[in-house]
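Here come two complexes built around chain A, the first alongside chain B, the second alongside chain C.
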Partner chain A sequence: MRPNFRIWPILVLLSILSLPLVLMYFYLVVDTVTDTTAGSLLPDRFTLEHWKFLFEKPETGRASIWPVTANTFLFASSTSLIVVMISLTAGYALSRLNMPFRKFFLGGILTLHAFPTVTLIIAIFLMLQMSGLYNTLIGVILVKTALELPLGIWIMKGFYDTVPWEIEMAGITDGASRFTVWWKLVLPQVQPGIAALALFSFLEAWKEFILPQVLAPSGASQVLATYLQNTIMDDRKPDFNLFKSIGLFYALPVILIYVVFNRKLMNIYGGGTKG
Partner chain B sequence: MRRAHLLGLGFMTPALFIIVFLFLAPVVLTMMFSFTNMSSGTGISSGGAYEVTERTIRLLKDQGFPETTADRLAEDTYKIDAAGLAAVQADFGKAFAQEIEAELSGKSFAGRRDLERELKRLKERPRSTRDLKKAADLFKRSILNTRFETEQAFLTSVDELDLGLGETETAELTRTAYTGWVWTTENYRLIASLPSTLRAAGNTLIYVSFTLAFSIGFGLFLAVTTFYLPSGVATTFRTIWFLPRILPPVIYVMMWKWMAWDTGFLSSFLAHFGVPPRNWMLHSDINAWVVVVLINGFVGASLGMILFSSAIKAIPETMLHASEVDGANRLQQIRYIIMPQLRWPILFTTAYQTLSLLTSFDYIYLSTDGGPGKATEVWALYTFHTALNNYGGVLQYGLGAALAMVLVVIGIAAALIYLRLFNFNDLVAKPRIEQ
Partner chain C sequence: MRIALENFTKTFGETTVIDNMSLTIDSGEMLALLGPSGCGKSTTLFAVCGIHRMDGGRLLFGERDVTTLPSQQRNVGVVFQNYALYPHMTVHENIAFPLKVRRENRADIARKVEKIAGLVQIGELMARRPAQLSGGQQQRVALARALVREPDILLLDEPLANLDAKLRLEMRSEIRRIQQETGITAVLVTHDQVEAMSMCDRIAIMNRGEIVQLSSPSEMYDNPSSDFVAGFLGNPPIAFLDGTTEEGGFRLANSRVTLPIPSNLAIAGSGVPMRLGVRPEFFQPGNPLKVTGKVSFVEIQGREELYDVTLENGAVLRSIQPHGGNHKLGDEVTWGIAQDRILAFGPDGSRL
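Then we have the complex of A and B:
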C-alpha cells in the first residue's frame, strides 16, 4: 500500500509507547557487560565480571549453572519429543480416522485445553508425592507433557486437515493399508507441522516456571527458570547485572529459535491457540 | 468392529492414557480432596492418630468446651496407680512403695507440689528432696503432645485424668484430637463465608476486566498502526511487541523489577526530578495494580496484535484502494472496513483470554506475589497460596482443592459455551475414507 499520508505521527506515537520495552531489552543486553555507578542511568565501564558464573565455582549454597542447564535441556527436549509423538498419532486419528466417540474426543480435548494448571496442580502434587515421583525431573516432564498435549493434538489435527484427501485415496486405491498410507504418504506432508510443534513445545517447557517450582523444588532437579528466580529472591541486595547475565544466558536459546524459525513458529502463535 | 475403528482407537491410546492419568485422575482427586480437611498437618495417607496439643486445646475452647476442663488437659496429673507403684518399688525399694500404696492408693493430684507434700509425711521416704521429686515424677500422667495410635488407648489415658467428661464432651475431644483427615463440607462453607475469598473474587474481577480491556485495545492499536507502516518498520515494532510473549516469564518479570524496584531504573530516572526513590511495584495498591495489569496486558496485547494483524492482512487490498478513491480518510477506513473484518478475531480473543486470565497467576506470582498485603491476590493465586505456597503455616490441601473446583466448574462451563459459540460442528468434518 502506497503511503499517501504522513506516517511520522504514528511512528512517533509507537516509538514513545514502545520505549519502556526497548529500554528493558537494551539494558538487558548492555548491563551484562558493563558496570553502572549507583544513581547514574548510563553504564560507564566495560567488564566481563558478570559472566563469571559460567566458569567459576559458585558461592556456597548455590548450584553451578551447567547441571541446571543440562536439566532444563533434558526437560524441554523430552517434553517436546513425547508431545510430538503422541500428537502425531492422536491428531491423525481425530482428523481422518473413523472411530467411535470421535466427536466426544474432539470436544473433550478442546475442553481439556481450557483446564488451567492451578486446578490440576494440587492433586498432581499429592499424586507425585504418593508415587515417589515428587522432586524428580521425570515427574515434571510427565506433567508438562500432559498439560501441553491437548494443544499439541489440536495443532497436529489442524495440520492433518490441510493434507489433500486425494493423496490418501490414491494410496488406498493402490492397495496400501491405512497405517502405511499414514506412515509413508501423510507424515511427509505434515513435516512443517511436526517441526513447528516440536519447537513450540520445546519453548513452552524451556520457559515453564510454576511446575518445576512446585513439583521439583530441590537442588538436584532444578531448571534455569527456578535457578534464576531463586537467585533473584535470595539476594538481600539485588545485583541486577548478575540476574541479567543469567537471564540472557537462559533466554539465548529462545531468541535463537525465534530468529531462525520465525516463520515456522508463527504457524502456531498466529493460530491464536495460547495466551 | 471395523479395522479402521481399531486403528483409530489404537492411535488414540497413548493420548487417552496420559489424559486419564494426568487430567481425569487429578480432577477426580481434586473433587474428593475438596470434601476433606486434608492439610500438611493431617498428612495425605488415610488413618491418623490421636494427640492433644496446644492447638487442640485452643480449638476446644473455641468450640465452647468447658475452659477449666480444657486447661486440665494441658496440665500434668499425678495419679497413684499400679504402674507408678511398680516404678517406685524398682527405684526406691519395697517399703516406700508399700507405704504409698497404703496411704495414697487411688488418689490423684493436680500438681507435683501437692503430691510431694503428701509424700513428705511418709516415714519410708527418701531423705534428699531431689529423690523425693524423682519419686513424685514416677506418678506423672500427662497426655499433652503424646501420640495415641488407637482411639481406645487415647480414651483410656483420658479416663486416667479423672476429668469427669460427659459423653458428648468425650466425643468432641476425640474428634478434635484426631490428627488424620476426615470427610467434610466445611471447605465450601468457608468459601462462601470467608472475607478473603470475597476479596480474591473482587481482585479477579478487577484483574480480568482491566487486563482484557488493555490487551484487546492495545493489541488492536498495534495491529492497525503497524498495518499502515512500511513493512521494515512494521516488522521491527511487531518484534518488539512480540518478545514479551516468547520470553520466559521469569526474565520478563525480572526486567520489570529492574524497571520498578526502588534501586531500579524508574527511581533513578525520577531522582533527577527530585522524586524520592520508591518501589513502584509494591509501594501502594494502585502501583501494584498498574504493574500487574501492564505486565499481563503487554503479553495479551502480543497475542491480540498477531491475530488481528493476520486478519487485517486477509482483507482484499482492492477494498482499501476503492475506499481511498472514494475519498475515505484513515479513520473512516479503519472504522468501516477494517473493524467489521475484525469482529470474529476480537470475539475469539476476548473469549479465549477471559478464560486464561481467570486462571493464570504466574506473572502475578513472580511480580507482586499478591502484595502489597493481599491487594493483588487473585483467585488462582489465592488457591495456589492456600494449598501449596503458604509460608505462614500449614498447607491446606482440602480448602485449596475446593477453591480450585470453583475454577474447574467455571472452566468447563466456559469451554462448553465457546464450543457452541465457535461452531464446534464445523470443526468435526466426517472422514471421507470408509473402510
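Then we have the complex of A and C:
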C-alpha cells in the first residue's frame, strides 16, 4: 500500500531531533568500559575498572552496592504490592458499590493526584519524625505508597468500569457471594490492569529520589538514587566514569522491564480497553 | 414450581416503575413478559431473580416466601441478553461454576455438566473459551449454566436479541425444546411478539408497568383487550380506522363512507367515537364488506405480498395476499373486510 505522504522526510527529521539523546546513551554505555583522555571525543582504551564497584566497596568508605540495591528492590516492590492491593479493593468500591460520598471520594482522588508532592514534604517529615519512622525504609515506603495510591485507585476504577455488570449478576444468581464474584469472576477480567499498575508503581518507586533523600538520608536505608547522588556529591575528585557505571546499573532493571513488559505497561494509558 | 408475585411494587428514586402488580406462573409453564422497552418487564425479571430489591409485595416460589432472600439463596437460573459468560473460563468451567460455588463433589459436577451439555448439544465444545464460540453456541452455554443446578425457575432476558435472523429461528425452537424436556418453569422477557407467541404457553403483555392482558397467544391475538394489545401482536400489524357511530352504522372520520357495525356489538346511540381494527389477513378481495382505495405501498415478500391501501379519507388498511395478485402502486382497488373479524375499540382504547 502506498501511504498518502512521503515517510522519509519525517524519518530524517525525527532522527536529527533524537540524535543528541541517542548519542548520550551511546556515550553512557561506552564510557563505562573505556578510559578517555580529558578533552578527547574518542576513548583510549578498554577497561572494566569502572565496574569494580560490583565486587568491592568503592574508596572513601562508602557502602557496598548490594545492600543498597536490596533496599531499592525492597522499597519498590513493597510500594508496588501495597499500591496494588489497596487500589484493587478501593477501585472496586468506587466503581461498583453504592457507597455514601462516592462523588466526593472520586473528586478527592483526582485532587490528590494533581497535588505536587514537594509541597507536602515538610509536613511529612515532621509526621515521620514524630512517629519514629524518620530515616527508616518503612517510612519511605508508606509515604511513597500514599502518594501513588490516587493514580492507582483511579486506574483500577477505570478497569473495573469496563467489566460488564451482567458478569457479576450472573455470578450472584449462580449462587456466589459478593466476595467470590469479585475474586473469581471480576479480578481475572482486570488482570491486565493489575499487571500494568504493579509494574508502573514499581518503576515509580525505583526512580524515586526526593523522598528517600529527605526522609531517609543516611546509612542503612539508602537506595540507589541517593547512593548515586552521593558518588559525586562528597568527592573532591568526582569519578564520572564510576557515576555512569552505577547509573547504568541503576537503569538496567528499568530498561529490562520496559523491554519485557512494554505491552502490558501500555495498558495503563489505554484505560483498560482491550487492544 | 409455581411462582407467584403478589402486589409487586418497584420504585427507582422518585419514579414508580411498577405499581401493585400481581402475576402467577404455573408449574412447568413458559410465560412471556412482552412489551415495549421501558414497560418494566426486565425490572420484573430482576426482581424475581433477586438482583432488584422489591419495594412492596411478596414473591413466592411454591409455598416458600423468598421476598427478602438474597439472590444466592433463591435458586433461579438466568440467561442474560449478552449471555454474561465468564470470559476467562472454559465452557466446562463456566457450566460447572454454579455447582463449584455450592461445593458439590468433583464426580457429581462432572456428571451433571456432561448431562446438561448433552441436552443443549455442546458436548464437543467443553474445552473452548467463550470468545471462541459463535453466538448460538454461547447462547447454549448460557442456557446450560443456568440449568445445571436444576433451578426452581429459569429466567430468560431477551435471549435471542443478539442473534442473527436464522439462528434466532433455530434457537427459538431449541429453547422451547429444552424447556419442555426439563419441565422447568420459565419466564421469557422480550419485546418481540413473534418470539413470545411462538415460544410461550401464555403471554403477559405489559405497558407502563402494568400487565395489560394475560392469556394464551392465540386467545390474545383473536381477542385483544385493548387497541394497544391488538397493535402489538401480529406482523404485519393491524390497521386502525377512526370514526364515530351513527344511526345503524359507523362513519369514518372525514368522509361519507359508512360501514355496518359488527352484529355482535351492542352500541348505544350515535355520535360515539370508536376505533375499528382490521388485521391484514381479513382485508381481502373476496370478502363482502367492500371499501375502495388506492394501493399506496407494495412489499413483495416472496410467498406473500403486502399492500397498503389508502382510503379516501387518508386512513390506511393493510392486506396480505398470496403471491400473484400483481397489483401496482397507484391502482384503485375495491377489497372487502371480513365483517365478523373486525375488532372494535372505544375512545379509551378498551375493547367493545
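Note that in this section the second predicted complex is superposed on the first by the 261 of 275 C-alpha atoms of A that agree within 3 Å, B and C clash if a C-alpha of one lies under 4 Å from a C-alpha of the other, contacts with A are read in each partner's own complex, and residues count from 1 in each chain.
Note that in this section contacts are C-beta pairs under 8 Å (C-beta built on N, C-alpha and C of every residue); 3 or more make two chains touch, one makes a residue touch a chain.
Remember, predicted model here, so these are calculated numbers, not experimental data.
S.K.: Chain A superposed: clash or fit between chain B and chain C?
M.R.: Pair status: fit.
S.K.: Give the angle at the C-alpha centre of chain A formed by the C-alpha centres of chain B and chain C in the superposed arrangement, rounded to the nearest 10 degrees.
M.R.: 120
S.K.: Touch check for A:Met99: first (chain B), second (chain C), both, or neither?
M.R.: A:Met99 sits against chain B, while chain C stays out of touch.
S.K.: Scan A:Ala176 for contacts with chain B and chain C and give back first, second, both or neither.
M.R.: In the superposition, A:Ala176 contacts chain C only.
S.K.: Given the touch rule stated above, what does A:Leu126 touch, chain B (first), chain C (second), both, or neither?
M.R.: The answer is first: A:Leu126 touches chain B but not chain C.
S.K.: A:Leu252 contacts which: chain B (first), chain C (second), both, neither?
M.R.: Touch partners of A:Leu252: none, neither chain B nor chain C.
S.K.: Of chain B and chain C, which one touches more residues of chain A?
M.R.: B
S.K.: Could you tell me if A:Ala220 is touching chain B, chain C, both of them or neither one (first, second, both, neither)?
M.R.: After superposition on chain A, A:Ala220 lies in contact with neither partner.
S.K.: Which of the two partners, first being chain B and second being chain C, lies in contact with A:Ala70: first, second, both, or neither?
M.R.: So A:Ala70 meets neither chain B nor chain C here.
S.K.: Touch check for A:Pro188: first (chain B), second (chain C), both, or neither?
M.R.: second
S.K.: Which value, in Å, gives the least CA distance between chain B and chain C in the superposed three-chain arrangement?
M.R.: When the complexes share the chain A frame, the smallest chain B-chain C C-alpha distance is 6 Å.
S.K.: Which parts of chain A are touched by chain B and by chain C alike?
M.R.: 169, 172
S.K.: In the complex, go through chain C and note every residue touching chain A.
M.R.: The touching residues are 49-51, 71-78, 80-88, 97-98, 101-102, 145, 149.
S.K.: Under the stated contact criterion, what part of chain A meets chain C in this complex?
M.R.: Residues in contact with chain C: 164, 166-167, 169-177, 180, 185, 188-189, 191.
S.K.: In the complex of these two chains, what residues of chain A are touching chain B?
M.R.: Per the stated touch rule, the residues are 1, 3-5, 7, 10-11, 13-14, 18, 20-25, 27-28, 38-41, 85-87, 89-90, 92-94, 96-100, 102-103, 105-108, 110-127, 129-130, 142-143, 145-147, 149-150, 153, 161, 165, 168-169, 172, 178-179, 203, 206-207, 209-210, 214, 224-225, 228-229, 232, 238, 240, 243-244, 247, 250-251, 254, 258, 266, 269-270, 272, 274-275.
S.K.: Quick one: in the complex, what on chain B touches chain A?
M.R.: It is residues 2-5, 7-9, 11-12, 14-15, 18-19, 21-23, 25-27, 29-30, 33, 44, 222, 225-226, 228-230, 233, 237, 240-251, 254-259, 261, 263-265, 268-269, 271, 298-300, 303, 306-307, 310, 317, 320, 324, 330, 345, 348-349, 352-353, 355-356, 358-362, 365-366, 380, 383-384, 387-389, 397, 400-401, 404-405, 407-408, 411-412, 414-416, 418-419, 424, 427-435 of chain B that touch chain A.
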